[in-house]
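A single structure is presented below for examination.
Think of it as A, B, C and D in the order they're written, each chain with its own count starting at 1.
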Amino acid sequence: MDLYEYQGKELLRHYGLETLPGVVAGTPEEARRAAETLGGTVAIKAQVLTGGRGKAGGIKVVSSPGEAEEAAGRILGMDIRGHTVRRVYVEGGAEIDREFYLSITVDRSAKQPLILFSTEGGVDIEEVAETKPEAIVRLHVDPLVGLLPYQVREIVFAAGLEGAAAKGVGRTLTHLYEAFKDLDASLVEINPLVVTKDGRVLTLDAKVTVDNSSLYRHQEIAALHDVEAADPQEQRALEVGLQYVKLDGNVGILGNGAGLVMSTLDVVAQAGGEPANFCDVGGGADAEQISTALDIVTSNEQVQSVLFNIFGGITRGDEVARGLLTAIERTGITLPIVVRLDGTNAEEGRRILAENTPENVVTEETMLDAARRAVELARDGGR
Amino acid sequence: MDLYEYQGKELLRHYGLETLPGVVAGTPEEARRAAETLGGTVAIKAQVLTGGRGKAGGIKVVSSPGEAEEAAGRILGMDIRGHTVRRVYVEGGAEIDREFYLSITVDRSAKQPLILFSTEGGVDIEEVAETKPEAIVRLHVDPLVGLLPYQVREIVFAAGLEGAAAKGVGRTLTHLYEAFKDLDASLVEINPLVVTKDGRVLTLDAKVTVDNSSLYRHQEIAALHDVEAADPQEQRALEVGLQYVKLDGNVGILGNGAGLVMSTLDVVAQAGGEPANFCDVGGGADAEQISTALDIVTSNEQVQSVLFNIFGGITRGDEVARGLLTAIERTGITLPIVVRLDGTNAEEGRRILAENTPENVVTEETMLDAARRAVELARDGGR
Amino acid sequence: MAILVDNETRLLVQGITGREGAFHTQRMKESGTNVVAGVTPGKGGQEYEGVPVFNTVEQATNETGANASVIFVPPPFAADAIFESLDAGMSTVCCITEGIPVHDMMRVTDYLRIKEATLIGPNCPGVLSPEKANVSIMPRDIFAPGNVGVVSRSGTLTYQIVNELTQRGIGQSTAVGIGGDPIIGTDFIEILSKFEADPETECAVMIGEIGGNAEQLAAEYVRSEMQTPVVAYIAGFTAPEGKTMGHAGAIVSGGESTAEAKSEALRAAGIRAATNPSEVAELVAEALGESS
Amino acid sequence: MAILVDNETRLLVQGITGREGAFHTQRMKESGTNVVAGVTPGKGGQEYEGVPVFNTVEQATNETGANASVIFVPPPFAADAIFESLDAGMSTVCCITEGIPVHDMMRVTDYLRIKEATLIGPNCPGVLSPEKANVSIMPRDIFAPGNVGVVSRSGTLTYQIVNELTQRGIGQSTAVGIGGDPIIGTDFIEILSKFEADPETECAVMIGEIGGNAEQLAAEYVRSEMQTPVVAYIAGFTAPEGKTMGHAGAIVSGGESTAEAKSEALRAAGIRAATNPSEVAELVAEALGESS
């Protein structure tokens, strides 16, 4: 779960990281009042769950409440990489001396937290990683041992820091690791982390991603989930434990397991078709979930045919078949549905389907044949 | 550092362990008032840094403030295994249903914390360990991983506990491990841990020993150190970083390093002598420490001769020699002192001594010869 | 022979009395797996499907000699269940549970370094050696005994490909679903090395997907260390790019984690890379033909 | 040959600019030890006694190829220093520091299980292979090169006994002070096994003391695994019983930790046990006479 800058900063402050004073505003008027309260130069920053807002014009530095109102008016409602800006963060200013990049993430290969630090902060860090990899210090943390003082020193010395800045950056890293661990984060990223001319070390931007699987023990973070920002269908899928993603073609895809679903997308593409969307019903899906999944997939107007590809492990063929029949009955769907059912209790599932086959349902033996048939039917126009 | 029962309980309460209400009393009058405040049946418990107080008559259960005063009067001032009782703990009563033994200590061989639990609590647990070892459950904790929920279950199931008692004991163990770790304890022992008839799990006695080496990060515990209870000479030695122990013979022993000092005691015994005391000046002792050490060793009236056995590693022979001369000058000691000096800068040390040898100082080449000489001189009566 | 589980496997089921645990215990027994014990705290002393249930893994192991475990306990308790199995000395631990927090798994895999056990998963379908042992939620009917080792990050895609193999008359030595979570106990390389060491396995199939760089690392391993022919398939050529915040992820993986990049790395290492599941079976047949 | 440190040792001194670190660096250099680097955070770039000083161990190791370290940093920072050396890939780490909290050391020794390094100490005099390398605070003048391996829990007692050996014309292969703290990196058994494997070591001397049961465990090891003759000495026959609160300690050690009990266990294992330091040298001479 991704957090907005202002939410991430709020959490990090609890761990002792220092930030500038700031206020969230949902309207230009609120932004003006925030700027009045903060006084002096302020930054108006678009709150979106994506990067690149700076380049997209989502950040403006202004020097009066009037300008703040005007800037907020321009930024609110903006579309940044498919995300609509619905809030801005109005933040006080600081005199920046140096800018760093600092993040902690999960390194899948090493199976450990990885700290990345660079003195080349505030810029496109991915470019730095490519063109000047030695400018990024990498340091793994043993998860059972935790971050050790010597590791903090390694970062600080590698950065060539001394005195107050060294102490401040060291302290920030120590606190950030605590936050990373306590919050079950999969990412905490500060870019830039700045040293001000008066020697303070400030978190100027914060990207925090919390592991979805851990949300059961972070109720207060789970509550931050921004329902409005999510796609309504994705949201509906999530609520019943399904994963739904919208694409641009005309074949709706339903399958179980990320791998099989991805493979189904590939096979549909190889058959000359284009997926309209897909819904992964995961392991152990029951009739109710299958029904909801079909409903979500077909609610997309572009869908002309549905490819239903299930290979049962935990998911049982009989439940899949019943779910499909229930969904068709409930929703009165008339779109062509190509079903391919295999694995656990598949035989019983196929029997159930055969006994009750609605007119718009066809079954195929293999995944390839099912994909070809679905593409064909979509081309003919199902609606 | 050993803590008194009431101090240990105070600390454990912070970690969520439940105890009975209690008040510390230094006089019979205070004990009476405590019993009035607590009401009903109370226990008057001698506070001493040793075990076996029950057998020694250091615990009395009484049912009125008057009896409390009387019992405290008997217990205060009592000598229990060489410890004078200067305080009693007046503690409320409870209706006990079952008694357990629970402790966490450091297992040197395994290099891990070891949990010991027994349903045979409240009795002589060492005897249980010998006669009925299967009645004690042993469980090691990986110090980096910490105590795991399954381990708590293992203890609880092994004890045959169910329901509220199982939950209560499990919670107590979890909290006790936290305390053990946070407090840098080398021992936390609860004997008995009781389940009351109304299902509460109570810490009825508590022995807590905190690792001396960790006291620099536990100022609040270090402050509990009971100066009055310590031997004044041991206390004086500790304050300058020396270890002093009083024994019963007539040869005072000064050496560096626990091993060499112990070996010196053995060799003195083999030479037919009896050590009066010993002082380990440790590694890196300087002139000032040597001087204090000699002063402490000779302050014991039984000492008739001093055996000064130094083999320098970190300790340097020249400093030892200078310390010895300074000490003799300062204190005007006339007791015979047998010096044996070897190791780092020993030659220089011997030169310094040779140039300034006071009348009462003799040097010997070997440890055995030095021991024999010291025993001889002590037998002749040095004072 | 087979890897990880076989006729010597004495299986313990953690979470045997739960819905999934119960269902799959029955199925594993039906596959002829020697299920010797179950564990559900608080239900010790009961019996389930003829399998004795214990309160703790240690007790179960002491009394039944279990040497492998499969875990069906809910996510908040799953890491603890893995620790319990590791400490009880299991040689293979297979964690089916989906949704274990990543930080829990980092602690587990860190601890694993001092154990000699193999942890498969979590969030995986398990391990199945046809007609020897089924320590999985995989549908056993699609399997046939044979000489092809299968290792996969994806559950259902494994079934798909195993099915294709069996329908072509190609049996399997062992199929291992290593799981799709960010942090898993065992990676491709460790399983491939076991297949390489297994005299019965004549060809290995590796099924990957987008994300991470495990396939590239495995490709390098295959190139430098393996004699056994390897056929690979990567899913996700047309999948949309995953949305991740921040830059750290991209910097860490240090390269493309797309299906194209992976397939390219595989081909560069001399691995036969299929473009769809059916082609996998064809390429395996080809590889077996060559090697025999 | 020798064990742990020899002519190949490239030594790094952690805490080189402190009082003890500085004093012993000079002495170790005088003994001919190849001291290649020092570390004191914040003093990187300086030189000390001709030894370059670095801010971190990693940096020092990268630039000088150090493969062993000796630690003189104060107790609150010593565990961190050990971790730093272990992570930098040192093969031998020798921690002289006295007074490290026991819980810190439990974390270190736990971590040590995943490392191939040998940690000697803490609270130990170090390791010295005469005329090869001196990674210790031991007075080198008392040593002579030879074929007797010495391992001891006590510092000064080691000097005493080495001195007696040398005076009798018996030289040493390596002397190891393993330290007297409750939790140490390396126990008697590990050092004895290294002596057993060292072709140069013809006799091993083990110096123990009261407390714990390390000597008994070592005795059992010597009995069952060693060919090399072992001479032992235990100090503390007349030492007063240590005062410990509670019963757990007595239950854990599971037996007597007195000098008598230890000597008895040694003799029962066929080990020559001396009753005073001088006798050690006699028994070693006897053992060497027999074995040659």
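Keep in mind that, in the parts below, a residue touches a chain if its C-beta (ideal position, glycine included) is under 8 Å from a C-beta of that chain, and two chains touch if they have at least 3 such contacts.
Remember, it's a predicted structure, so these values are computed and weren't measured experimentally.
Asks: Could you let me know which interface, B-C or A-C, is made of more C-beta pairs in contact?
Replies: More C-beta contacts join the chains of A-C.
Asks: Give the label of the chain whose average Cα location is farthest from that of chain C.
Replies: Centre of mass proxy via C-alpha means gives B as farthest from chain C.
Asks: Can you give the whole-Å distance between the Cα centres of chain A and chain B?
Replies: Comparing mean C-alpha positions, chain B is 57 Å from chain A.
Asks: I'd like the Å distance between the centres of chain A and chain C, where a centre is the mean of that chain's Cα atoms.
Replies: Averaging C-alpha atoms per chain gives centres 27 Å apart.
Asks: Roughly how far is chain A from chain D, centre to centre by C-alpha average, rounded to an integer in Å?
Replies: 54
Asks: Check each residue of chain D and list the ones that touch at least two other chains.
Replies: Counting only residues that touch two or more other chains, chain D contributes 107, 111.
Asks: Can you list the residues of chain A that touch 2 or more other chains?
Replies: 142, 144-145
Asks: Based on which chains are in contact, what kind of graph results: line, ring, star, complete or other?
Replies: Shape = complete; every chain linked to every other.
Asks: Which of the residues in chain A come into contact with chain D in the complex?
Replies: Per the stated touch rule, the residues are 142, 144-145, 148-150, 153-154, 157.
Asks: Using the touch definition from the top, list the residues of chain B that touch chain D in their complex.
Replies: Chain B residues touching chain D: 2, 49-51, 103-109, 111-114, 116, 125-126, 129, 136, 142-144, 181, 184, 186-187, 189, 191, 207, 209, 211, 213-214, 216-217, 245, 247, 255-260, 262-263, 265-270, 275, 282-284, 310-315, 342-344, 346, 366-368.
Asks: Give every residue of chain C touching chain B within the complex, in rising order.
Replies: Interface residues on the chain C side: 41, 44, 55-59, 77, 80-81, 83-84, 87, 107, 111.
Asks: Enumerate the contact residues on chain B facing chain A in the complex.
Replies: By the definition above, chain B touches chain A via 144-145.
Asks: Tell me, which parts of chain C touch chain A in their complex?
Replies: 20, 24, 75-76, 98-107, 109-111, 125, 137-139, 142, 152-160, 163, 180, 182-183, 207, 209-210, 212-214, 217, 233, 235-240, 243-254, 259, 275-278
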